[in-house]
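First chain written, first letter: the chains are A, B, C and D, and each begins at residue 1.
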Amino acid sequence: MTAPIREHTGRGPLGKDEIAARIARDIPAGSYVNLGIGQPTLVADHLGPGAGVVLHTENGMLGMGPAATGDEIDPDLTNAGKVPVTELPGAAYFHHADSFAMMRGGHLDVCVLGAFQVSAHGDLANWHTGAPDAIPAVGGAMDLAIGAKQVFVMMTLFAKDGTAKLVRECTYPLTGLRCVSRLYTDLAVFELGAEGAVVVETFGISYDELAARLDVPLRAA
Amino acid sequence: MTAPIREHTGRGPLGKDEIAARIARDIPAGSYVNLGIGQPTLVADHLGPGAGVVLHTENGMLGMGPAATGDEIDPDLTNAGKVPVTELPGAAYFHHADSFAMMRGGHLDVCVLGAFQVSAHGDLANWHTGAPDAIPAVGGAMDLAIGAKQVFVMMTLFAKDGTAKLVRECTYPLTGLRCVSRLYTDLAVFELGAEGAVVVETFGISYDELAARLDVPLRAA
Amino acid sequence: MTTVCESTDEAVAGIEDGSTVLIGGFGMAGMPVDLIDAVIRQGAEDLTIVSNNAGNGDTGLAALLAAGRVRRVVCSFPRQSDSWVFDGLYRSGRIELEVVPQGTLAERLRAAGAGIGAFFCPTGVGTPLAEGKETRVIDGRAYVLEYPIKGDVALVKAHVADRVGNLVYRKTARNFGPVMATAATTTVVQVGAVAEPGDIDPEVVVTPGIFVDRVVVVPDRAGATS
Amino acid sequence: MTTVCESTDEAVAGIEDGSTVLIGGFGMAGMPVDLIDAVIRQGAEDLTIVSNNAGNGDTGLAALLAAGRVRRVVCSFPRQSDSWVFDGLYRSGRIELEVVPQGTLAERLRAAGAGIGAFFCPTGVGTPLAEGKETRVIDGRAYVLEYPIKGDVALVKAHVADRVGNLVYRKTARNFGPVMATAATTTVVQVGAVAEPGDIDPEVVVTPGIFVDRVVVVPDRAGATS
């Protein structure tokens, strides 16, 4: 799946919506996909009906439609972020054990998650900052991390304080080990795995600049 | 539940149908009951609609009705013995994993099974004679043996060759350990358990005669 | 056998101090708010609550927590924008918390209902939530051993019941209801309506009546789920 | 993604020698006879068959056995009044048999579909079927450790599918279909009819389309189940 690296230096970094669009392009038609809470839900806007993608929400539904508006809003029909949504023709409801059995059993093709940190070999930290006064809350994050055939992460490559979020080893508490296969950021797209991080594409930055800013061994695709 | 022993010596042993009726009398109204293949199915004839008993069949149904006849026969609706049956109002269908989860999880009140041998402390042997040329076939026997809150066994007390089927230790391959709570036979009704066999009632035989014919320590209720 | 109760107070009668109470719902969808209110009136204390969240706003589970009846919460996601009641109790050390991954929570409840003694689960391996737990590599993959969560009581909201306790749910309000119904000694269900046996097609029953001990009708109120 | 096939031959194409094939049905109820006939034509050999029984009469699974395509059968109840094909092969040592308690068979299939690595099951403890297996006492009760049964292919019979693969079944013909559909890499389903998406109410779907790879319409024939 690795093509030669594409450096897009004649433009700026991707915006959130552009990252979402870039992810949507990598989701094959006919895939079953779970989009995590927060930014990953933006990916849905770029998966038109023609994409043939079926959305799963872990609170018990396949065939989830767009967010509900006006009279469509039904308190009994929400996504995992508790946002009212709609159902599409061909949808199915099921209970929580069945929903997570579907996930844990490896039946979802792709899951898109946000992250605090991702390691070059695919470890994920996205549930807990490790702050001593934080109330721990994991939700479905750990289930999603190990459940889908492919886990994509969507995040900015650097935190607001300039710290890189792609790291050698996660310092935040882990969500899952070696589970992330692709990392989509504002500055670059990476393939992750046992061999480390491979840069597939850059945006508003050259491969060499990127390598200089990250404390992670990189390879070009 | 143990009342003083009742010796019915002024009559002969119970027939199959009378054993079934005797069992039916011990099934409380509102119970969920599974009747094993073979003789135990006779118990259903003595559980009228007024008994408020709901029958489970492990191939995926609660609310099973009587055997189907004539136009009622539907190859998609059978009991565990593959005999066509009917559905009653309030029935429910479910798949095999759910059906046996219901059983294994202890949700059934009573299960009635046949047996080759039962031990005084409630071990059950009813799936295999141990004959070297027999093809092993267990079906749901082991699941039923450990699944219901109470397991009742229905059998003749002696085999055709005169051998007692209530024994100190089963010699046939076991179906379940210490799982039978009551044993209903043509000659007597027993409670079984860690303390051994307690005779509740006899038919066509006195307690003393019974004790003389069995190589099992007995107590009178 | 299923009893159709006249009131939510009758439906929750007899809950003992120290009980483990399973409470359905994901956020407000499927949350049995009226049964929880009845538990507050009923008075049981020292409860362990198993639910996906730890209360929203000041009603329902949050109100039960605020009333000081809960010793311990087992859930996947206590922290929400409106979980101030739980947050306050937790930060002041007045409530215990066990965080369980959401799918593991569902599967542990299912295991309790299905008579499974324990199961090897791949979720959480190598994370803080697996610390101290038995692990094993099976067929090249690492797993954590997880145990059943059994309830004394389950409080569930369903859409319709029939008189023998068969239940159907509505959309994503189904969530934890069906597994919790199997995992408790006594399952209490609030429904929008009770139908006659046979009114629910046997093919579409989600929770068979064998799992349902008490049913009570609570008509959906406008704003009840807001 | 679900493909609606034009023929049973297309539906079973590509099954490889040595595959593990899960076959639904309990006796003839839910038995995908037409798919099995297609497998006989397709020619795969050295198969492991996982099914509740080991064939009835001379058709369906019995015909597959008679054609010499099966190396091993995993089932709960091979012996039936009309299981002469299996009986003959077994007695002459030409087929291997693993007998599994029926509920354990269903749960091992579910475990495969649900990503469970192994589970402690109370069924069969102290019996010959537990010999050589790991056991453990948990909370005072004894359990046997059981492992998932994963299929390369599942052959299932359902009542109706929609074009995205959602399935509903009919009465007790449901049996092993839903769990086998989750447990195989490729799930092939014969149905009486295919409907449009939305024709099956999302509340009553038993097997969601995510588990269904190929669907083929085989109208129920008079006598097909006799």
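To be clear about the criterion, a contact is a pair of C-beta atoms (placed from the backbone, for glycine too) under 8 Å apart; a residue touches a chain by one contact, two chains touch by 3 or more.
Being a predicted model, the structure only gives us computed values, none of them experimental.
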Labels of chains that are neighbours to chain A and to chain C: D
Consider the two chain pairs A-D and B-D; indicate the one with the greater count of contacting C-beta pairs. B-D
How big is the gap, in whole Å, between where the Cα atoms of chain B centre and where those of chain D centre? 29
Can you check how far apart chain C and chain D are, centre to centre, with Cα atoms defining each centre and the answer in Å? 33
What whole-Å value do you get for the distance between chain A and chain D if each is reduced to the mean of its CA atoms? 35
Could you work out how far the Cα centre of chain A sits from that of chain B, in whole Å? 55
So chain D residues touching two or more other chains come to 107, 110, 114-116, 121-122, 169-171, 202-203
Counting only residues that touch at least 2 other chains, which ones in chain A make the list? 61, 87, 93-94, 101, 103-104, 147
Make each chain a node and each touching pair an edge, then name the shape: line, ring, star, complete, other. other
Contacting chain pairs, sorted by label, are A-C, A-D, B-C, B-D, C-D
What does chain D use to touch chain C in their complex? 107, 111, 114-122, 136, 138-139, 141, 143, 147, 168-171, 201-204
Could you list, by residue number, the parts of chain B that touch chain D in their complex? 57-61, 74-78, 82, 87, 93-97, 99-101, 103-104, 128, 133, 135-143, 146-147, 173-177
Could you list, by residue number, the parts of chain A that touch chain D in their complex? 29-32, 52, 54, 56, 61-63, 87-94, 101-108, 147
What part of chain C is in contact with chain B in the complex they form? 1, 110, 112-116, 162-164, 166, 182, 196-198, 202-203, 205, 208-211
Residue set of chain C touching chain A in the complex reads 26-30, 52, 76-79, 86-87, 90-91, 97, 99-107, 109-110, 121-129, 142, 169-179, 206, 225-226
